[in-house]
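Next up: the structures, one after another.
Below are two complexes that have chain A in common, paired first with chain B and then with chain C.
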Partner chain A sequence: MRSLTATMRSAFAEAWSNRSGFWLQVSIMIVNDLVWVVFWVLFFREAGSVRGWDTQQVLMLQAILTTGGGIVLGFFNNARRLGQLAADGALDATLVLPVPTLPHLLVRRVETTNLGDLIFGVALFVIGCDPTWSRIAIYLAGSLISVITLTGFLVAIGSLSFFFGRNEAGELGFHAMVMFAMYPVDVFTGPGRAVLYSVIPAAFIASVPAKLAESFDLGMALGMIGAAVVFATVGYTMFTLGLRRYTSGSAWTRA
Partner chain B sequence: MTIEVEQLSKSFSTGRAKRRTLVEAVRDISFSVEAGERLAYIGPNGAGKSTSIKMLTGILRPDSGAASVLGITPWTHRKQLARRIGTLFGQRSQLWFELTSLQSFRMLGAIFDMSDLQLATRVGELGELLDATEVFAMPVRNLSLGQRMRCELAACMLHEPEILFLDEPTIGLDLLGKQLFRDLVIRLNEERGTTILLTSHDVADIESVANRVIVINHGSVIYDDDVEVMRRSLFTTKRVEVGLERPVIVPEIAGAQLVEHTETVARFVVDTSKRSIRDVVDAILEHLPVADLSIVDPPLDEVIGAIYSQLAVE
Partner chain C sequence: MQRTLAERGGFIVSTGFYLAVVAVVGSLWRAAADGKGGTIAGYGAASLFWYIAATEAATVSLNMRLIDDIGTDISGGAIASEMLRPVSLVAVRMASEFGRALPRLTTCTLAGAVMSWIIVGAPPGLVSAAMTVVALALAIGCNIAAQHAFAAIAFWIRDARSAWFLYQKLVFVLGGMLLPIEVLPGPLRLVARLLPFVSMAYIPGRFAAGHVEPLLLLQQVGWLVALLAIALRIFATGERRLQVVGG
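After this line comes the complex of A and B, so read on.
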C-alpha cells in the first residue's frame, strides 16, 4: 500500500509540476462538460421527457459519469493506455520493481484534463442534483461502481493487446464506452440495448445509478454490483494471463 | 553460483494472421556467473542479448529451459528477485521526467520498503559515489543524457542490489560520459562486490568493464571466456610499433607486414602462426635503428568482428 501511495503521489506531483497548464486543462474540460449539460437542459426543456428520462435524471447521469470517468481517466489513466503500453513493450520499467504490476501501472499516470471531469461531476451533483442523503448515498455508490466497472472494462480490452499484438480493440472499446455511457440507456432498443448491459457495460457506468436515484430497485442495484464484480474479475484475469505472453520491445518508452 | 542458466529458449511470433512465423530469439543457452564477476554479454543486433536479460530479470517467460538468479527462478518469483537485483535499460527510464531524481528516489524508496533515514543515507552515499548530489535535485527533463544516466544508475542502486543488469547503458552518451560511466560501474563492482552483467555494442565498454565475455549469435552462446583469453586465442596477429631514431627505408622483414611508415614510426602486423614474434622482433632490431618498440594485441572490435565473420562463413 505504501508503494502505491508513493507512486500516486509522484504521478500527481508530475501532473502538478506545470501548475498553469494544470488549471488551464482542468478549466477547459469543465467548460466542455458544461456545454454538454447545457445541451441536455435545453433539449429537455423543449422535449419534456424522453422514454421516462427528464432533466433531473440526465443531470444525475452526467454527474456520476463525469465523477466516475474523471477518477478512472484522471487518477488511473493507464487503464486507458494499457493496451498501447503492452503493444509497445513499455511495461519493463514496472516489471523490474517489486510491486503488484496492475495496481502500480494504473496509478502511475495522472491525466490532468480528466481531473476537470471529476471536479465538474462533484460540482454538478452538489448544485444541480438535489443532494438528499439517499441521493448522496446513490451518487457515491454509483460513482464507485462506475469506477470499478469502467476500470475493469478498460483493462480487459487493453489486455487484448497481449494476445493480438495491437491495440485497435482497446481504442475502439474506450470510445464506444464513453459515447454510449453519455446517453440515457433507454434511448437504445433491441440488441443494441442488450450490448450496453453486457459486452460494453455502458448502462452500468451512469444510466443505471441515475435510474436508481429516482426509484430504487434492488434487482437493478444487484445487477450493477454484479457487473462491477464481473468486469473487475475479467479485467484482472485477462491482464494476468496476458502478461505471461508479454513480449517487451526496444522502443524508447515510459509507462 | 549467482546466475545459472540451463538450455533457456524463447521464440516470438512475428507477422500477422496466416503469415505468422516463429523467430527463435534465444536457443538453448547455458552459462553461469559467479558472484562479483563483470560479465559482458555481447552479440550483433537481434542476437538475443536483451531477450536473455529480460528472462533473467523475470520480464519475459522462456518457452523452455531453467534459470536461477540468486537461487530464485526469475519469471515465477519476479517481485522477490526484484528486491535483490538492479536493472538499467538504456532505452527505459525509472525516473519521472517532470520531477527531480530525488522525488523519484522517494517513490522507489517506498517501493523497496526503505525508511526515510535509510533512503537519505543511501542517496547521500550514491550522490558522493556518482558525483551527482546536485544533479539529483534538478528536474530530470533538464539533465544532459550523461547526467540522466548517472541518476538512472543511482535509481537502480538505491536498494543495494547484489547483481546489476545493464542493457546497453552507454547508448547515446558522449566519449567522456561513457568513460565516466564505465569507471563508476567498475568502482561499484570493486568496492561493493556487485556482480555486473553488461550488454553493449561499444567494444570499449567491454574492454574497460568486463573481465569475462560471452558472445551470443542467432540465439546461441558461441563463445565464453575471459576477455584477455579471447583476445589472445582468437587472434594470431600482433601489432609491432617501432619508434625510429632517424628516417630510413624500411627493408622487407619476413613474417611481418609493414602497414604504416613515417620518418619516425614504422608499424607492422605479424601473423604469429607463420613466424614467432621473437624472430620478427630480432629481425627488426637487426635491420632498423630502433629507438622504441612495443608489441600490442589487436583491438577487441577486430576480435569480435572476426568471430562474427567466422560465424557468417560457417
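After this line comes the complex of A and C, so read on.
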C-alpha cells in the first residue's frame, strides 16, 4: 500500500511540475464540461422533460459522470492506456518491480486534463444539484461505484490486447462508454438499452445513480453495486490471465 | 483521398462511430419533439433526426483534431520542410484535407441517409435533400479553412491545443452541430447567425430538415471565400515569422 501511495504521489508531482500548463489544461476541460451543461440547459428549456428526465436530473448525471470519470481518467489514467501498453509490449518496467502489477500500473500516471473533470463535477454538484444530506450520500456512493465500474470495464477491454495483440476494441469500448454514459439511459429503448445495462455498463456510470438521487430504489442500488463487483472481478481476472500471454516489446519506460 | 480509402479500419470505425452518435443524439431530439406534441422550434421529430444526421456528417467527416495536429507540426518544426515546395503551404494542406474528408463525407452521408430513412422515413423534401449535398461540401471547405486559420496561432504561441478545444465547442453550440440555432436564446442566436460556424453544421442541417433557403448557400460561399483568404493571410505572416526565428 505504501508503495502505491508513493507511486501516486510521484505521478502527481510529475503532473504538477508544470503549474501554468497544469492550470491551463484543467481550465480547458472545465470549459469543455461547461459547454455540455449549456447544451443540456438549452435542450430542456425547449423540451421541458424527456422520458422523466429534466435539467436537474441531467445535471446530477453530469456531476457524477465528470467526478467518476475525472478520478478514473485523471488518477488512474493507465486504465485507458492499458490496451496500448499491452499491445506494444511496454510493461517491462512495471513487471520487474516488487509491487502488485495492476494497482501499480493504474496509479502510475496522472492526466492533468481530466482532473479538470473532477473539479468541475464537484463544483457542479455543489452549485447545481441541490446538495441535501441524502443527495450528498448518493452522489459520493454513485461516484465511487462509477469509478469501480469504469475502471473494471476499461481494464477488461484493455486486457483483450493481451489475447489479440491489437487495441482497437479498447479504444472503441472507451469511446462507446463515454458517449453512452453522457445521455440519460431512458433515451434508449429495446436491445440498445439492454446493452447499456450489461456489455457496456454505461447506465451504471451515471444514469442509475442520478435516478437514485431522485427516488431511491433498493433493488436498483443493489444492481449498481453488483455491476461494480462483477466488472471489477472481470477486469482483474482478464488482466491476470492476459498477463501470462504478455510479450515484451523492449519498450522500457512507457508505462 | 487514396490515403483515406487505404486506411480501411479507421474508415469503418469512424463511420460506425458516426452512426452511433446520430442514433443517440437523433433519438434524444426525436423523443423531445414527441414529448412536445411533435414539434420543437419549428422542426418536426423526423426533421430533427435528418438535421442531426447532416450536422454530424459535416463535422465527423473531418479530422476533429486537425487544429491540434497542425499546431504540433508548426511548433515541432515539421512544417519547415513543406515550406521548401514552390507552392502555397496552406493551400496544399487544405487541398489534402479536403481530399481526405471527401470519402468519409460520402460514406457518412449515405450511411446516415439510409439510417434516417429506416428510422424516421423519407427525407422531408427532394430539393432540400439535393441542396444538403452541396451544403455539406461547402461546410467541409469552410471548416478546413477555419481550422487552418485557428491553428496558425501556433506560429506565435507554439501551442494550438487550447484553440482546438475552443473551436470545437464553438462549432458544437454556435455552429448548431448539437442543436438547431433556433433553440438558442435571442441574443445568442443573433451572434450565432453572424459567425462563420453556422456554415459548418447548421446550414447543411437546415437543408436536410427540409427547408429550401438558397440564400444560405450564398452565405456559405461568402464565408468560404473569406475564411480561405484569412487562412492564407495568417499562414503567410506566420511563415515569415518562422523563417525569422530560424525554422
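Here is the rule we use: the second predicted complex is superposed on the first by the 252 of 255 C-alpha atoms of A that agree within 3 Å, B and C clash if a C-alpha of one lies under 4 Å from a C-alpha of the other, contacts with A are read in each partner's own complex, and residues count from 1 in each chain.
Everything below uses one rule, namely that contacts are C-beta pairs under 8 Å (C-beta built on N, C-alpha and C of every residue); 3 or more make two chains touch, one makes a residue touch a chain.
Given the structure is predicted, the values throughout are model-derived calculations rather than measurements.
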{"item": "Superposition on chain A - do chain B and chain C clash or fit", "value": "fit"}
{"item": "Where the C-alpha centre of chain A sits as vertex, the angle toward chain B and chain C in the overlay (nearest 10 degrees)", "value": "100"}
{"item": "Touching partner for A:Tyr246 - first (chain B), second (chain C), both, neither", "value": "first"}
{"item": "Touching partner for A:Asn32 - first (chain B), second (chain C), both, neither", "value": "second"}
{"item": "First (chain B), second (chain C), both or neither touched by A:Val122", "value": "neither"}
{"item": "Which of chain B and chain C A:Arg51 touches, first, second, both or neither", "value": "second"}
{"item": "Partner chain(s) touched by A:Asp92 [first = chain B, second = chain C, both, neither]", "value": "first"}
{"item": "Distance of closest approach, chain C and chain B, by C-alpha atoms in Å", "value": "15"}
{"item": "Touching both chain C and chain B, counted on chain A across the two superposed complexes", "value": "none"}
{"item": "Residues of chain A defined as touching chain B within the complex", "value": "2-3, 5-7, 9-10, 13-14, 17-18, 91-93, 95-100, 244, 246-248, 250-254"}
{"item": "For the chain A and chain C complex, residues of the former touching the latter", "value": "24, 28, 31-32, 35, 38-39, 42-43, 45-51, 168, 172, 175-176, 179-180, 183, 187-188, 192"}
{"item": "Chain C to chain A touching residues, read off their complex", "value": "9, 13, 17, 20-21, 23-24, 27-28, 31-33, 35-36, 40-41, 161-162, 165-166, 169, 172-173, 178-179, 183-185"}
{"item": "Contact set on chain B toward chain A in their complex", "value": "12, 50-51, 54, 57-61, 78-80, 82-83, 85, 87, 89, 91-94, 96-99, 103-104, 106-113, 139"}
